[in-house]
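Quick one: this structure, given as structure tokens, is what I'll be asking you about.
The letters A, B, C and D name the chains in turn, as written, and every chain counts its residues from 1.
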Amino acid sequence: MAILVDETTRVVVQGITGRDGSFHARQMKEYGTNVVAGVTPGKSGAAVDGLNAPVFDTVRQAVDVAGANTSVIYVPAAAAADAILESAEAGLRLVVCITEGIPVNDMLRVHHALAVRGDKNFVLIGPNCPGVISPGKSKVGIMPGFIHKPGRVGLISRSGTLTYEIVHALTQAGVGQSTCIGIGGDPVIGSRFTDLLPRFESDTGTDAVVLVGEIGGSDEELAAAWYTERKRRIRVVAFIAGVSAPPGKRMGHAGAIISGGKGAAKDKIETLGRHGIPVASDPAQIPELVRRAVP
Amino acid sequence: MKIHEYQARLLFEEAGIPVARAIVADTPEAARRAAEQIGGPVAVKAQVHVGGRGKAGGVKLATTPADAGNAASQILGMRIKQSVVCKVLVMEKVEIARELYLGVVFDRDHRGHSVIASAAGGVDIEEVSAKTPEKILKQFVHPLVGLSAHQARQIGFGLGVPPKSALEIAKTLLALYTVYQRTDASLAEINPYVVRPDSTTVAIDAKMNFDDNALFRHKSIEDMRDMGEEEPLEIEAKNADLAYVHLGGDIGIIGNGAGLVMTTLDVVTAAGGRPANFLDIGGSSSPEKVRRALEIVLKEKSLKAIFLNVFGGITRCDDVATGLVQVLKAVQVRVPIIIRMTGTNVELGMKILNESGLNLKTYPTMQEAALVAADIARSA
Amino acid sequence: MAILVDETTRVVVQGITGRDGSFHARQMKEYGTNVVAGVTPGKSGAAVDGLNAPVFDTVRQAVDVAGANTSVIYVPAAAAADAILESAEAGLRLVVCITEGIPVNDMLRVHHALAVRGDKNFVLIGPNCPGVISPGKSKVGIMPGFIHKPGRVGLISRSGTLTYEIVHALTQAGVGQSTCIGIGGDPVIGSRFTDLLPRFESDTGTDAVVLVGEIGGSDEELAAAWYTERKRRIRVVAFIAGVSAPPGKRMGHAGAIISGGKGAAKDKIETLGRHGIPVASDPAQIPELVRRAVP
Amino acid sequence: MKIHEYQARLLFEEAGIPVARAIVADTPEAARRAAEQIGGPVAVKAQVHVGGRGKAGGVKLATTPADAGNAASQILGMRIKQSVVCKVLVMEKVEIARELYLGVVFDRDHRGHSVIASAAGGVDIEEVSAKTPEKILKQFVHPLVGLSAHQARQIGFGLGVPPKSALEIAKTLLALYTVYQRTDASLAEINPYVVRPDSTTVAIDAKMNFDDNALFRHKSIEDMRDMGEEEPLEIEAKNADLAYVHLGGDIGIIGNGAGLVMTTLDVVTAAGGRPANFLDIGGSSSPEKVRRALEIVLKEKSLKAIFLNVFGGITRCDDVATGLVQVLKAVQVRVPIIIRMTGTNVELGMKILNESGLNLKTYPTMQEAALVAADIARSA
């Protein structure tokens, strides 16, 4: 079992004719993902090396003609917010936005435009994230597929490459994953820890979830509150990046900034601990914490 | 991105906010003439991005133009935290009945913006917020709806000022939100905003921060960037589209992805090393980007080792390896490079490194590599 | 019985220090309405001739200090949309906006801002309307109170003075009213026929409802559809103004314009008739139609 | 409010929409020079607010500047429906591969706006909509969200034009919506919008209508008003803040409230009378307003009677009576006035009328008064 993506996932790649879009479309296809179409406005009919998926001008065409049900976005930052809304309007249920550097106001518009649409079944992952993978089933994103291994541990991460680090550690320790989701580190993201934890809670194929947080915001605190709000079936363990980060400096991610005394790593670690969520002091510890949580 | 008070002041003035008369000056003589032109007593204020200039002696009152010139000659060239003062703002002395705080900030938790005001202006708003939260007035702004006039009045009339002042404050808040929104700002702040004895109001400070990701559509704001206020290596990195933060230690850190680099810092710190910097080469990295990253880190003066930590995702290990080999063949690198690389195209990357003829050592885990780096730095 | 306003209605008058605001505040008070406060920003503490209701700077104060639960708006057009939102934010359940000449875009902002707030219990009547009266109980608006008479017929009208004409005719024929509502003739209004008909349907004090429509829009057609959607307890009769109006010309009300062949009076009359709603050809016929509908 | 093609064109151009080269001219000589300046064949187009100018001979093609001058001399001064042509627009001849319709309109039913396009441009859009609705593409615009680029592309790529044209059309639609929104327009229309043989695109017509209620915040639009295009009495009424529509009969109608006045027209028509006009004195009416209303109606040339129908609400009967008495004492009124008045302050109003010394007859019901008015008009 898995959440968000599986064998039924049919992917349209927005920005498929770009360098990153075409590369990762091929990577996804190689992993076994059903890449059914690509979209680049004005380039319909174009051929993309190594792919036989048709290219369309609009996502609507990719849905109507190729039966896409999921989108992954590699378009430049200035056009990415619009690409998200395009996929939502075209009726897709899941949109994974890889693009980084989207202005905050653009994402606020997306967030509230989606709220106005009011489709509760629509899920946005990202932006500025590595995407979603259900190992052995489907990979929608940019993570290196070979580090994953099918299994019963879920993962939700605000970080990109750090996620791979932790997945790699899990796999090497023989701990497989149900679904791994990079939710992105931007200040305004589509899905937060608390939007996804209930899905894992309902997924009988998942026993435990690893949360990978970082400095900034209060999503980790909200996740901790969710965990103890009532009795949960799944176990949760965590890692928080940025313990040694100086306050006030922006560390790459727009979200990774500590300001006004809020969002420091040590506060997050303390809160998680208080709610019974073990926190690793080093990514390499995660497999051990998972083993202890789900013996 | 941050700008100076004198720049934010111009944006506020354009937006219709009443601001105190002021002239910017970069020499004592110019400051003297500015004071003369303004007439009467003035304040001479250091133009620096960092806070706390008052306590540091960066703001002086002057009663005559000659005084203003003297004050400017003391302030110009002064170092306040990491900033050197290159400009002062000479501002009319405003009669003060009340000092208020007015601000608009991005509100992450509500996915919108908040308009904030306080009857206790002139002091640090975070201090007010911590000590006397009841003095803070707040209105949430839905990004699609915008700030409504009634919300601005709610704040204006909540500050306990005369009705005339309350209505002026409401007008100022609407203008402040408009300029904040129009420029993709993350902060617009007036502290203090002054109520005069005759109940008219005026801004005697001005502060704005902007969303770096949105600067591409605000050329005129981007042009306000004061390179003198920024770490030279951070500027160079920004120009190369890299995220760089100077930290001051001796181990250069290069990695891909903010979380991974942050964790690398954490792991190196835990191993007893002192990171010289944070350098994220980002997602989609070309060989050129890796080359620039190495060049920038090599400029860190106290550098004793470089730790390159790459986990390939959208970044491809072959691109990283190619960049690395390019720069190592072109430049004499004076410190050891500790490499840890895995992920997308890792075999291709390793092959490029091995076939380069350069004796490059790689480690399988972050922890191992961090220990080696810390060790080298300690014994260098 | 009645809907929207009754003896529990406690009115704050927005724009109370203006010529119309003060005049109608006094008229309402004379009718017996609980006028508990007024609002004019910057004029708190002002005295208004013939009223002992306090004047505040904000509606919030009128709610907190004077216990207002309903607002009536007489502020100038440029500030009226904001006044509506102020009352909604202050927690009022009913806002009656008398002001005419509000720009369409201002009302669109109000409409969608209210939708974003999502308070299903909030009711806006108007703008550009005479208001709401439950005869003998409470009058919130500008209609001449003396023409009304308590009774069991409701009235919803897009017109202003035409409503008085019809109410006058009802009263003279001995037919009393439960609640009369002028919803206004602007293109964007807070409540339409179909928003209010269900309230009358649930009000056991109302047996029949008179709809007073006019050219433009399709609200009458929607009301007709509502009427036959299922079996209704209340009977409905109607009058439509503008049979002789030439197309394309704006007749005072922004809404009263026929364009693109839509919204002509004869089409509306035809549709209403088809759904079993008798339509008077002259306002003076209305009492007779009501008598026939509710013998 | 409506504006001319040449004015809308300027707004479109400012917004970044590609428009055909054109120069406005008000004499044949100016038209000749304009054609000379443009070079090559041109179209000479009458500038009038009414539609159907093509069929009426208001658009002529000219191959030389002299031809253009001749065409202008034929068109200038021409009457098209109720409009007299005072200006022509001399426009380059554009090579046409496809003619499209692009428009943004207020969408009452959806409480927002709609962007509309059709592959069948150059003809009446309402005709297309009625006959071949499948040729109409539509995107609803939520007022708080605005038009999104993907919606504009959805239309662009839906029109069956080359990709380059589709992307240009999408850009034009975004600009069209922006100018529509910024100016509080109720309609912004380009018909036809042309795809050239080389796939570039250009607007060769321009139309905008505006929300009268919002003109107070658009001084520059208000200044575009062409008084020559409006019924003189309607202008005079607008200046007096009255809603006036000339209808052409012989019974002057004055009332308060659009619905009541409309119904008065209906009742007078049903009684066999012919209304000369629609005149709504509106809600909050001062005596001055009533006086102006009477003065305006008295200017209707074929007037035989005036029917004043007032039901007092926010309008007070005493105000109406005062205005009426004022004007009747000042002006010699040549036709009978039939009065029907009731509602707020009716006793006060009746008292003013009775004590005026003017022999004013009032009737209790609309129907009675309408019959009397129709009778008088018929027998006059």
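The working rule: contacts are C-beta pairs under 8 Å (C-beta built on N, C-alpha and C of every residue); 3 or more make two chains touch, one makes a residue touch a chain.
Just so you know, these numbers come straight off a predicted model, no measurement behind them.
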Selected pair, greater C-beta contact count between B-D and B-C: B-C
Most widely separated chain from chain C, with each centre as the mean of CA atoms: B
CA centroid of chain B to CA centroid of chain D, Å: 53
Distance between the centres, which are taken as Cα means, of chain B and chain A, whole angstrom: 28
Residues of chain C whose C-beta touches two or more other chains: 109, 112-113, 116
Where chain B touches two or more other chains, by residue: 142, 144-145
Chain D to chain B touching residues, read off their complex: 144-145
Contact footprint of chain A on chain D as seen in their complex: 142, 144-145, 148-151, 153-154, 157, 163-164, 166-167, 170
Complex interface listing, chain A residues touching chain B: 19-20, 23-24, 27, 77-78, 98, 100-106, 108-109, 111-113, 116, 130, 142-144, 147, 157-165, 168, 185, 187-188, 212, 214-215, 217-218, 241-246, 249-254, 256, 260-261, 281-284
Chain C-touching residues of chain D, taken from the complex the two chains share: 106, 108-109, 111-112, 126, 129-130, 142-144, 181, 184, 186, 211-214, 216-217, 243, 245, 247, 255-263, 265-267, 269-270, 275, 278, 280, 282-284, 310-316, 342-344, 346, 365-367
Parts of chain C lying in touch with chain B, wherever the complex brings them together: 41-44, 57-61, 79, 82-83, 85-86, 89, 109, 112-113, 116
